[in-house]
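Dropping the structures in below, format is structure tokens.
Here chain A shows up in two complexes: once beside chain B, once beside chain C.
For the complex of A and B:
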């Protein structure tokens, strides 16, 4: 691209003049990848090898590679259960936020009513409220409203600090400002004629919402879903404060506990950390396009 | 349009408004109230909790001054490095055929949790040169291993306030994670600048440097502001990274980690709430910027 542009302005740029450019970018890419690569390689090395030689020596000693770290972490360290817990927290929390936000965004985008602008402005303002500001009262609220009956199928109480429902609602609440902001702005940009035509044909709001708006908004919903998924999956603070029952702990919390109890036994930590990264990385590579869209939508969240 | 009852829109919004009220609006107000009460949220103590933070009477239990200063340093160093670095990379990668691949490699850390990032970097920065990559390099070139995450000094000199080696390393981890964000958003903005403008400047004999400072940066100003505000908000609230990497020891506490210790370990809801409210007060100006920008966009639309 630059080559042709520069050519038109009179001086040709040859490949060796661009060598410094390639060198800088490739150096940054390598530097950025080494830490993650080191972790990945180490997670497959024998404990004695991790403790006595650098991860880069795995390339010259491939005989030291093993799957034992993963077996150990998944089995006796309970990381398998934590992986399932992470899913049990993340998936419903993501679906919930999309459903609730989409309904609100539809009203804010397509219905006329007093205070519409004000309500949206307040929601945009809430985007930056730090989670920290809300945690003490929410924890008090949870412990006062605990319902100590087991939730069918999932385990955990019906509500309170030892429940998934509490986590779903909390994550949905914290994710809503961004979700409403993103979806409302997308809905507004859809062609007005389409909605009006559907109404003229006698479609109700619910029909327009499900049959016209949602199908057209899949890119925005995908972007939102990926962001919410990553936020909830990667969250530590909310789980640390609001989840009192260690058997329900997600991976982030489990790993944090491993760090404090195991310190530097990297055979456990590296495998655990990589397990927690695996799903986000798959999501990231599969939906990169939507991920970027979500970022561009102004990824500001509390 | 169709006729709707006056309460129809409210029904559509009720779940969202309820969740936002329960988890954001009510707790923020309640935190303000608790910040004026004692540690059990029983008796009114006026501004005592805020006085505790300002006077710092128990630096060994809760060094409020160090935490505030470290957090301020995060704002300056983390944001000050990430934004220019992201912009530079956006300009550089934009000229390459393998632009997309290099950008993905740089923003992979965005998809990873702070917890995983912290494990990655504890490993990279391990003191033992047989394990830690950094110390392996340092000893290879003849130096002594460095305690990257514990060292409260700066090379031969002692740390000046929060300006300590370990804090700078934590901030570099933050830069590693967030450069991808700055890069992707800024490079999307860069694509919006018409190549004719830049080409015309080149024809007129402008140097690459002049093009960057006189054309690209002024045109990208709104995008740069968005990125900077986002990063400032993150720096203000930084918690997971510090908590998992150092636990706030060795003078690395920030407002959030100190809040967590005060509220949930020392069980002092008063000082905890005051710290949390300071955090909220600090982001209000940024909130004002976001809302104003949003209103301006609405009017243009």
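For the complex of A and C:
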């Protein structure tokens, strides 16, 4: 109980004194969660029930609940395929960003070479470039360099528009400045002596990176992985502009299309929307410990 | 094993020179201590030797091979850092084995060498633990162990004891000395603590403001400092230093400082006479100022009256803080002394051990000591 004891007075904070704070925190959490809860409950209700009563009524009429919405969305509407597409775009784009950014960040933090500071400055400068201004140039570049042959295993073009590889590159490009910034600042905060000791032990820069820096940077890398995963998973704009081929469409794009064709069929939309949220929720809860640590690491130590 | 040669090594950070024209030969198997106040360039010198800092000019050779452009990992040296720099995610065993693994040493050899080093340092039970679960002293041993298993040509130690508490420091000091005797490898040890330097070194190199002041055995530095800085730095408590001159008053020759006058006994007059009239800085170690009642035999006594400011009883000796004019002196006298704080007392200076330095340059001025002493 030492943490709840005030050092100056030795006064013990009792549970009823903490009650107001806890009440406020719980109230905020509940308020914040209500829309998501509503979405979740609605996705299990029949269309007639949604049209005639509020979602909270489901708690008193559990007989109205059904899995039919999910069956329909996953089957007829191709959300299953879209889910796979989302994964095929998001996972490689996340891994790519982390790999490239971590190597670059190590070099910018620990290796000595000319114009190191300038290069880092330029990378950080790229953070202020609005993504929207780059879409047309990137699209033009992709449409000029498209290789219209089918990519083995995954499908889509080999490169350019309507290709997974194009999506990976685009997302990597947009994600890298922040990733390099975050990781470089974390790496720099690690003790210099560790890097020097490893060099004296006979490690090359690559070995120092893989065997000393990387294991010690897992919190920062986990945080970055969550960020990048969520960005790519939730992205609609880049997919909308660069993808073109509906068979490659990720869930966000699919839901947008559902909205235009099923604008009033809330039961379909809510099920689709919840599906798209499910994986990010799992990822977030699995790594939330790292997430908080990594946020602190990037923000405070950097 | 290898000797190390610094040849006019200079290190500049921008416009400021951290190390200037540093030349020194470290003999194979020697325990050399680089000592000096903080910011004197001793750590920079060590880092250049390790290959962690680039050399601005001059050359460093290890075992006859110039290493200026050799990467740190290829210099065959091991370093113990002040912060220990243990890899926090690895066990003690893996910390010690890391360098061997990278060098492709066979697994069975690694096992054997780590076990041997652990036995030598008494850390066999800790091999499975992580550094975070160890005390400061244990971490220190692991850091030493990591250096030992490599069997390097030379050990570099950068203030390895400064994060330990006083008792552990004394203990580890002795252990490092023992380790050096056992391994017989070249040790280069950096510290700002002159006691560590005196107790451990084969030879000491004193640095100040990036310049090497003097190199020699601990006794040599203590007895014959080449300048005022070394005189004041080596020895604890520090040498008494006061400005003054040698003056002739009729037949007598006196050493005169500010408010302080000591007659030179006739048997030492010959060595002091050549210094007459010169602006000097005099130095005398506290143990060469005695209580008149307990003067050892065979010294050249010169009597001096002074006010006793404070007395510090240490048990086996007593420190007298004396004041004469504006000159403060510290005397290390017999504990049976009758001198009391606030009173005036007489003390005896042993002029055999008076050192003289040129006031302008700070360099030692030889005072010929009679062959009989």
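Definition applied: the second predicted complex is superposed on the first by the 262 of 302 C-alpha atoms of A that agree within 3 Å, B and C clash if a C-alpha of one lies under 4 Å from a C-alpha of the other, contacts with A are read in each partner's own complex, and residues count from 1 in each chain.
In this section, a residue touches a chain if its C-beta (ideal position, glycine included) is under 8 Å from a C-beta of that chain, and two chains touch if they have at least 3 such contacts.
Bear in mind that the values here come from a model prediction, so they are computed numbers and not experimental data.
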Exercise for review: May I ask you to decide whether A:199 touches chain B, chain C, both, or neither, giving the answer as first, second, both or neither?
Suggested key: both
Exercise for review: Could you look at A:215 and tell me whether it touches chain B, chain C, both or neither (first, second, both, neither)?
Suggested key: second
**Study point:** Per-residue contact with chain A, leading partner among chain C and chain B
**Key:** B
Practice item. Classify the contacts of A:191 with the two partner chains as first (chain B alone), second (chain C alone), both, or neither. Key: second
Point to revise | Touched partner set for A:48, first chain B, second chain C, both or neither | key: neither
Review point. Thinking of the overlay built on chain A, is A:138 touched by chain B (first), by chain C (second), by both, or by neither?
Key: first
Check your understanding: For A:247, is the partner it touches chain B (first), chain C (second), both, or none of the two (neither)?
Key -> neither
Review point. If you lay the two complexes on top of each other, which residues of chain A touch chain B in one and chain C in the other?
Key: 196, 199, 204
Check your understanding: What residues of chain A sit close enough to touch chain C in their complex?
Key -> 191, 193-194, 196-204, 207, 211-212, 215-216
Check your understanding: So in the complex, which bits of chain C are touching chain A?
Key -> 50-52, 71-73, 77-79, 81-83, 85-89, 98-99, 102-103, 146, 150
Point to revise | Residues of chain B that touch chain A when the two form their complex | key: 1-2, 4, 6, 8-10, 12-13, 15-17, 19-20, 22-28, 30-31, 34, 89, 92-93, 95-96, 102, 104-106, 108-116, 118-124, 126, 130-131, 133, 136, 176, 179, 181, 184-185, 188, 195, 199, 202-203, 226, 229-230, 233, 236-237, 239-240, 243-244, 247, 255-256, 259-260, 263-264, 269, 272-273, 275-277, 279-280, 283, 286-287, 290-291, 294-295, 301
**Study point:** chain B-touching residues of chain A, taken from the complex the two chains share
**Key:** 1-2, 5-6, 8-9, 18, 21-22, 24-26, 28-29, 32-36, 38-39, 42, 50-56, 100-101, 103-104, 106-108, 111-113, 116, 119, 121, 123-139, 141, 169-170, 172-174, 176-177, 180, 188, 196, 199, 204-205, 230, 233-237, 240-241, 251-252, 255-256, 259-260, 264, 266, 269-270, 272-274, 276-277, 280-281, 283-285, 288, 291-292, 295-296, 298-300, 302
